[in-house]
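One chain, chain A, links the two complexes that follow: it is found with chain B in the first and with chain C in the second.
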Partner chain A sequence: MRNTFRKMLATPYALFMALFIILPIVLIAVYAFMDKDGAFTLLGNFKDLAEKEALPKVIKNSVIAGLSTSVICLLIGYPIAYYLTKKEFNRTGVMIGLFLVPMWINFLLRMVSTKAVFTALNIPLGMGTVIYGLCYEFLPFMIMPIYTTIQKIDKCYIEGAEDLGATPIKAFWKVTVPLSMPGIISGMTMVIIPSITTFAVTEILSNGKLMLLGDYIYSLRTYNLNLASAISLALMVLLAISMIITNKFNKDENGGGIW
Partner chain B sequence: MEEKNKNNQSDYIIELNDLTKVYDGKTVVDHINLKIKRGQFVTLLGPSGCGKTTTLRMIAGFEKPEEGVISLEGKDIADLPPYKRPVNTVFQKYALFPHLNVYKNIAFGLKLKKVEVTKKTLGGKEVKKLVNMAYMPVEQKVVKKDGTEIVKTVPFRRAYQMMTVTTKKGVKKIKKVNLYKKYIDDKVKHALKIVGLSDYEDRDVNSLSGGQQQRVAIARAIVNEPQILLLDEPLGALDLKMRQEMQLELKSMHKKLGITFIYVTHDQEEALTMSDTIVVMKDGKICQEGTPIEIYNEPTSAYVADFIGESNILDGVMPEDKKVVFAGAEFECVDTGFAPNEEVDVVIRPEDWVIKREGNGILNGEITGCMFRGVHYEMTCMAGGYELILHNTVEYKPGRKIGLYVDPENIQIMHKEHVDNTLPVRFTSNTTFDLCGGVYEFRPAACFEGSEYDEENDVLKINGEEIVLKGKEGKVSFEFESIDMTDDEYAAPLAGNVESMIYKGKNYLVDIKTDNNTHIYADTEYLWDKGDRVGIKVEGDKFRFSDLDFMTGSDAAGEKENA
Partner chain C sequence: MVRKIAIITFIAIVLILLYLPIVWMIVFSFSDTPSFSNWNGFTFQNYIDLFTGQSSNAERIQEAVVNTLFVGAFTSLLSTILGTLGAIGLHAIHSKRIKAAYSTVNQIPMINSEIVTAIALALLFTLISTTFEISSGSWLETAIKLILAHTTFCTPYVLLNVLPRLQKSDNKIYEAALDLGCTPAKAMWKVVIPDIMPGIVIGALLSFTLSIDDFIITKINVTSFETLSTLLYGLKSGKHPLPADIKALFTIIFFVVFAAIMIIYSPKKKSQTNK
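Presenting the complex of A and B:
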């Protein structure tokens, strides 16, 4: 009795999962293997994609933008996260709030204003401005997971390293950084994936000159939903593979990462 | 130690002078002075919160003392960061790096070590000068021609990586170089062998048991050949059997390595088994320092006696030198130098009671309980209204009447730390005063000699003179017995936490620490637990006041107690 009641409690969640997670994935898969007329085609859509002239350039741009955004976010985000864990710097938790507040402001508004600043300064819009926008947008996603992992590192490890003769700088590189690896990896994934698939940022900050995968899918949506689905599916498979690989390297010992 | 210390080296490797540490306005370590001899196994012993770990952390360099000097080999290291101190720590939680395996954990310190090498070129010829580090032999397996394996003891390999440095003629060049890889390898393997974990090099530290992790932590520290090894309750997380085994191993490691150990523990048995010197601490101060035998046989305070081993602690009075009265009988003792009729604490170890036929001892008693404890019987005995603990190899059944005798030398007599509670107060009215933030009511007529109190008009007259108490400051005294402890803290003006209890044969002397860190002592028949929150009630006529401005020396009522 009790057991069945407990199982019933899970029904809303099961329904939610089915409706909003499983069904869309199935639909994408179905569309990806269907031609315009609704007939089944195994590789037709992918063949079409391969013939698109614009696609290689879009992929190249996406790789450049995604990688440089995540690297820049790491370089900026890691020191911030590190100092935020220091009590004297973040006594009341206000500082961490300040770094997360940008997420609460509508991002379209922020991008449009950023563009206004660039044009006012006569800076040509292009890859550079796009990367700037992406960093601006996704930096909090890098800070958060790194902050939580560093915060969880027991202080005794640092003390242990210093006791064994490591200067604070050495102790940082030999203990803090390796122990915060789970946070770095989840931060990287949390930045790289959305920055590849976002669309508005590129459109606004490059005046539509530059296209990333997200923009490309967006541009296809009106006349060929099947092609868009095919790209999405391919992207999904690629991400799943990369996630499996990173998880293999990062056997989550202490928890910490968000993924 | 005799001839080796030619160059003014004292016998003491480390000296703490006036060392003080304050956390958030609370003094954790209070002006302690301690000298530790070279090569000794010293234990800092005390309950949690007594400042022992903080003292250790100050020696390691993790805490900066507010005041005082830590001098290692005569040099003050109080301001030196931990990585520059020639000491290593074994942490309570081990602190093994989870991202490194056993080998890399142990090699961590050695890989960081830099050594100065002096190179000279003389007449174009390069001369490499290498100062060898402490000689530690290493055992190597050698396969002979006929296939048999023998174990050969060989000295350590070269310690440093050789570097060719082109230098100008005759110019000295000092270069810092890393230790030679093979040397690190030998040292790590040697350390693993000392702790009995050879073949564990490649293991993940998280896959090891508590005892094994402990051994790795010790290996990681000793491999650096520290001048002092600091151990912060290293056996706390192990189970009893493992702990006893590790105690013996640590002791033998100490002998083998010959370095100074400073060990922190709250386990008195551990301290007695392992140490050369025990330092008993309480409330950030050192209570007593001595060999385990001294500490056990001649405790200097009831606190130390109670903390170390089992003991009978009784209230006594010394009418004259070499005589002490307790439990209703007069005993001979060997102590002198006490004031006539001074109230003292008397300590008698349970095994020091000599059981005689009834009437043949100094004290008569009746056995009330008997328990077999392996080597001896532990018996309780009621004598002169006090409950005593006796240890004897002969069994006496409950109900048996006996006589008790103690050899004068086995009676340990100590000054009382406190005779009553004497604390500063501020009066808030003619009938109330503020003590440590709690407002107590009192009956002025009963507390001031020669006083009259008119309740209706709130007029207090002492020796005919009208006095307004409000705002005055002075001291209040009240006896341990006058306190009524209650478990409802809101039913009393003042509350505190039970810090410690000492059984005095009849009653418990309880040390209550109030929220502003004042100690109040109370006598009670009931057993409280450490940490219990209790309310402190005192009847309104039990107070005696002193140090008030209108009092002259003779009529200060509290004077007697203060003396």
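Presenting the complex of A and C:
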């Protein structure tokens, strides 16, 4: 009885979620299997997409950009996260904060300023500058989960390995890296899918020459919502699969998201 | 020692690259030229022009600032109310299944690609405007649409900031307030809300920041409604993409955001040292 009042407080947001989260996703599924006139079609939209000349190139660019961004972010982010868990480099926790501040500055502003810097330095815009921009935007999303997982690793494991005769390098590869795997996996998922579906970064940093999936969906949105929905649905399925894989690695729930 | 210097250098280089475009903008906001090649010295002119409304983009800037703050404030208000009530309710629910369903749906907007959320909301708004035949396209209608769209992706963060506070607080105080004669609503207001206030404040600040920063969902869901993000997007293709007054404006915004982040992160640090 006493709890009824408090339980009732969950209702407004439950209704809001039903209307603004669940219903829109249902609409995407409906639109993805509907042609322009509103008739049901099982694979029509996906067939149309497969026939689009631009799409293979967009997918190729997205794979290149997404893979290089996540690998570069991992190669830069892991050492940073690792050393920042050590007191000698991050005594007060301010250092990790410095890596998070840019995340809160409007990303368009950062991208437009980056373009201004590149232009002033006469650096030609293209795939290289796009990948640079994506790494810039998503590096904190790689550092944070890895940082929180490494922080949680019990130092005893590493000391134990060293007591049993492992060199520090061997202890790092055999103990720290495997134990930080959940952080690496959530970092990768937090970088790879957002980086290929982000929109505007590519356009700004390649002067409109390149298109990734996000830009492509945006361009479809203006004239064909059904095709845009079909790609969105495919993306959600991809995301769901990657979430399932991530959860398998993070069974003990210490994957360490940003929040 | 050599190793330590190498590591510090590496960290420093990455930090410099992260801050380079921002520092670049701040430096040139005090100059009337777009690059070092024709540096004319230090000036406050851009700031004076910005505040006296004499700069080249004065009207657009004014409109964008008003729109962004309006949408941000109401998004923050609405998502803080929904998220806080949701968290209190979720905390009181005992059924594991309902709990799991509630928090899973809550996390969808955080996990889903922003562009997918944007398209999904666009479909919803199309459905609503055709069913109820509202498509006046007035300023208020557009603003309400944006506030609802922003609330969708901001509320999850409020809920997830309030929930840990509830889990830490003692349920018995609420029970005691009821025993001492409070109505549930009064006990909520006098006991529970003050207890979880830090989480609510952080949630409100977070949703305000997320709302004023948003671009993808805004761009896809509204046309002819200028926010700071769409204003920046409109400048993307210029040869010198950042006009002087825009640099001045965003330099000011940068320092405001910086101060807000310090507020958001400082209580967390305290609780970490308390452990």
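Quick note on the criterion: the second predicted complex is superposed on the first by the 233 of 259 C-alpha atoms of A that agree within 3 Å, B and C clash if a C-alpha of one lies under 4 Å from a C-alpha of the other, contacts with A are read in each partner's own complex, and residues count from 1 in each chain.
By our rule, contacts are C-beta pairs under 8 Å (C-beta built on N, C-alpha and C of every residue); 3 or more make two chains touch, one makes a residue touch a chain.
What you are looking at is a predicted structure, and each value in this text was computed from that prediction instead of being measured.
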Fit or clash for chain B plus chain C once both are placed on chain A?
-> fit
So, A:Leu179: does it touch chain B (first), chain C (second), both, or neither?
-> first
Who touches more of chain A, chain B or chain C?
-> C
For A:Thr167, decide between first (touching chain B), second (touching chain C), both and neither.
-> first
In the superposed arrangement the C-alpha centres of chain B and chain C open, at the centre of chain A, an angle in degrees to the nearest 10 of 90
Is A:Phe5 touching the first partner chain B, the second partner chain C, both, or neither of them?
-> second
Pick one for A:Tyr31: touches chain B only (first), chain C only (second), both, or neither.
-> second
Of the partners chain B and chain C, which touch A:Cys156 in the superposed model: first, second, both, neither?
-> first
What is the minimum C-alpha distance, in Å, between chain B and chain C after the two complexes are superposed on chain A?
-> 17
Where on chain A does chain C make contact in their complex?
-> 2-3, 5-14, 16-17, 19-25, 27-28, 31, 76, 79-80, 83-84, 88-89, 93, 95, 97-102, 104-110, 112-117, 119-120, 136, 139, 193-194, 197-200, 203-204, 207-208, 214, 217-218, 221, 225, 228-229, 232, 235-236, 239, 243, 259
Touching chain A in the complex: which residues of chain B?
-> 60-62, 81-83, 87-89, 91, 93, 95-99, 108-109, 112-113, 206, 220-221, 224
Write out the stretch or stretches of chain A touching chain B in their complex.
-> 154, 156-157, 159-168, 170-171, 174-175, 178-179, 181, 253-254
In the complex formed with chain A, which residues of chain C make contact?
-> 4, 7-8, 10-11, 14-15, 17-22, 24-25, 34-37, 81-83, 85-86, 88-94, 102, 105-106, 108-117, 119-124, 126-127, 148-149, 151-152, 155, 157, 159-161, 175, 178, 184-185, 188, 209, 212-213, 215-216, 219-220, 228-229, 232-233, 235-237, 239-242, 250, 253-254, 257-258, 260-261, 265, 269, 272
